[in-house]
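Both of the next two complexes hold subunit A, though its partner changes from subunit B to subunit C.
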Partner chain A sequence: MILNNIYIVAAFTLREILASPAFRALLAATALFAIMALAVSNLFLLETVKVQLDFLWLGMSLLGAGFSLFIGTTLMGHDITRGTASLFLPHMDRHSYLLGRTAGLTLALTLLLALMAVLSTATVAWGLEHALPDRAAGISLWSATIMGLFALLQSATILAMVLFTCSWATGVVEMMLFSSAFTLMAYLLPSVMSAITSSEVIAQVPAWSVAFIHTIDYLFPDMSGGQVALCIAHGLTLPTAELGWYLAGQCGYIITLVAAALLLFDRRDL
Partner chain B sequence: MTLLTGLCLYGSSIACKPAQQADQTTLLTGGMPPAAQKMLAGPFAGSAADLDILALFSIYDTIRQQQTNQTDLWKKLNERLLAAQTLDPWFADTYRLTIGLTAFHEQGASTAVELLSRGAKARSWDWELPFMAGYIAHDFLHDDARAYALMSEAIKRPDAPPLAVGLASKFLQSSEGTEASIHFLNYLKASMPAQYRDIIDARIKRLEKKRQSG
Partner chain C sequence: MPAIVCQHIHKSYHHTCSLHDVSLTLEQGSVTGLLGPNGAGKSTLIKCLLGFVKPDRGTIITPAGTTIGYLPELARIPPSLSAWKMVQLACQLTHTDSTDQISSLLNTVLLAPRHWHKPLGTFSKGMRQRVALAYAIAGQPNWLILDEPMSGLDAMGRRQFLDILLDLNARGTGMLVCSHIVPDLVRLCNRVLLIHQGSMIDTIHISAHSMEEAAMLENRLIQTAGHDFE
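And now, the complex of A and B:
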């Protein structure tokens, strides 16, 4: 019964997203990012495929974040504030509703990034065909697909943050504001941490403030997938141990945040 | 209607202000410090480095068109190269432009050696960067001790040309003397594949002849 309800909500969510103009705009934007990657890479001298992969990674990440923040927040916000879904769906418990919405949103996100990965692979294939010899060593047609999987994982983390925020926030504006702020912090914290913990800075900063920043950093997911993307773009070998910790961290964060969202959503007033 | 009026006003303000040419140049050539760029780029460090290189093309174009105040522009060009390297230390285009634009410019040789030396650490498989850094250190900075250190780093890397061996020995000879150069070549010979030893032997013979005659 619960699984059936989850399936009904997921299918409804997917149909709702596919019909929305915002999602169609994001689908069209995949082609724009691929064209932009091709156009910009032509201005460079040697590592043109690397430049393509850089801009494709940027496109994948922005599309994933845009989908989670705009489509995810709007959908959840309208359900919670206006009761939109209750007009079309049978009566069910809150767990089934939230899990169904999560499944539907994840499916639509996967669809969006799969399209982007296909276009990226075509772009890289063209790039490899026209690249200078030895200037695309280590890069293969799979590079864009692997990058797409990393982008999917990071976007799923943002989606989990959106679901968590929507489980307690009131109103679409509040949901979007907090989700955007959390996403921005998650994206910027790894590089800010790296700058703050450099030996020159740490000598000037009091110990308590470093401990405070570390505590905030632990509350947010490790969004340093950009470093992984940079290694892929250069055709370098990915460090296995670090990659393992990164993947485990992301999956753990998604599971924890969705579980917290389910607990909070059960207890909130609607 | 309001939008059209706004667009007309904006368009006319751009068209009627030729005096803003200098501001526009500043906009195209200015940039944040490398550390700040790295912090703000977050997971998009690769694209940010690419944009720095594109900005560098714009700066170089301005240098070519503008006959005065070039020192400031060359400084900005070096800053962009430094930022691109900080963001993406493996990017070969940064180093190719360093060699092509900065290295042979009187105000840029020192920066070029610095950039290429750091690049040599990041691109540990690439012999070209320490080789070029060593050459620039010798030819422009006249620092043969540094040139030798960089050139001997280049010859340890895969596919390094035999020319690097000769240059490394030459730089050591000019900074430390003939005896040190022969000692270095003998040490190098023991660790090199057989096909490289003929060139090293010839160089040792030349130096020994020079030592005996001088």
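And now, the complex of A and C:
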């Protein structure tokens, strides 16, 4: 019964998103990014395929983040402020409802990035066809697909942050503001951290403040998926243990945030 | 079936009291109206009953097996969805999904078959409201909670809507109706609860469903709301 309710809400969510003009614009943008990757890479004489991959990763990241921040926040915000949730909640518990919404959003995100990965693979295939063999060393036809999987994981992390924010914030504007701020901080913190924790700075800073900064860093997800994906895509080897830790960390972060969102959503007023 | 009972409900938002010591009993099959000025706490009370808002204090006892259909004042429904798909969704949620059931619900709310597969975005407010009612009554709930069901409808639409609700009540569905339209409440309800500044201040029993009762209730409401300006 619970699974049936989750399925019904997920299917409704998917249908709702597929019919929305914003999602159609994102679908159209996948083709735009693929064309732009081809156009931009042609400006470089030698490393065309690597430039293509870099540009395609940028597209995947932007589309994933855009979907999570704009479509995810708007959908959840309207659920609470415009009463869409009230259509479902007399018939099911809040957990089933939020899990259904999460599943629907994740399915739509997967669809978007799958399309982007297919177009990216086609772009890379064209690039490999026309590149000098020694300039495409280590790059395979499936590099873009691997990047798509990493982009999905990273976007799912942002989506989890959005769901967590929407579970306690009031109003679409507040939800979007906090979600965007958290996402921005997650992206910016690693560079700030490396600056702060450099040996010259550490020597000047009391130990408690270093511990405090580390604690804040642990609260945000690791958004270095792009570097990991590009290493793989460019044919560089990554230690398996490092990759395993990264994947486990991301999945753990997503599960923790969704669990926290379920707890908070259960207690909030609608 | 036993009644739904609310006892000593308190609810505050940001230190502003929205409901103060509200108690009421909703007898099965009865139609109760909630009347009060804007901001009186009517919608908060409804949300407490539905579990959308958690009261700070007090208890709400809903007997086992009670099923509640809800018609919100405003619900964002995807405009691309058809009336059929919308009602089908409600039937899926209440495990009564069948073509006959969906047709029967749409017929009950007097929606002509030629509109069944059109997107809701092309519907008038009255037609959308009737689809929302069909959604609410899917699965034959014991109770219907209606928040401003007739607001924004023209005279013809209101009359049709009232007739549908009276017909549902005749078949045993209990109702709690929150509305600003006094004549509609008088025509529909057995009693009207007057709520003001979060407190239940009066209970008026409706017996004749007459224009005189509507005028008396309207005067009582104006008297109550008038205190705000003194």
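We adopt the following convention: the second predicted complex is superposed on the first by the 255 of 270 C-alpha atoms of A that agree within 3 Å, B and C clash if a C-alpha of one lies under 4 Å from a C-alpha of the other, contacts with A are read in each partner's own complex, and residues count from 1 in each chain.
The criterion applied here is as follows: a contact is a pair of C-beta atoms (placed from the backbone, for glycine too) under 8 Å apart; a residue touches a chain by one contact, two chains touch by 3 or more.
Just so we're clear, the structure is a prediction, and the values are computed from it rather than from any experiment.
Undergrad: Would you sort A:Leu236 into first (subunit B), second (subunit C), both or neither based on which partner it touches?
TA: Touch partner of A:Leu236: subunit B, not subunit C.
Undergrad: In the superposed model, which partner reaches more residues of subunit A, subunit B or subunit C?
TA: Larger number of subunit A residues touched: B.
Undergrad: Contacts for A:Asp54 in the overlay, against subunit B (first) and subunit C (second): which applies, first, second, both or neither?
TA: Touch partner of A:Asp54: subunit B, not subunit C.
Undergrad: With both complexes superposed on chain A, which partner does A:Arg267 reach: first (subunit B), second (subunit C), both or neither?
TA: Touch partner of A:Arg267: subunit C, not subunit B.
Undergrad: Under the stated touch criterion, which partner chain does A:Val192 make contact with: subunit B (first), subunit C (second), both, or neither?
TA: In the superposed model, A:Val192 contacts subunit B only, not subunit C.
Undergrad: Should A:Leu87 be classified as contacting the first partner (subunit B), the second (subunit C), both, or neither?
TA: After superposing on A, A:Leu87 lies in contact with subunit C but is clear of subunit B.
Undergrad: Would you mind writing out the residues of subunit B in touch with subunit A in their complex?
TA: For subunit B paired with subunit A, touching residues are 35, 38-47, 49-50, 53-54, 57, 88, 90-93, 96-97.
Undergrad: Where on subunit A does subunit B make contact in their complex?
TA: 40, 43-47, 50-51, 53-55, 57-58, 61, 135, 154, 187-188, 190-192, 194-195, 223-227, 229-230, 233-234, 236
Undergrad: Touching subunit C in the complex: which residues of subunit A?
TA: Per the touch definition, subunit A meets subunit C at residues 5, 8, 12, 15-16, 19-20, 78, 82-92, 267, 269-270.
Undergrad: Subunit A touches which residues of subunit C in the complex?
TA: These residues of subunit C touch subunit A: 47, 50-54, 68-70, 72-78, 80-81, 89-90, 92-94, 135, 139.
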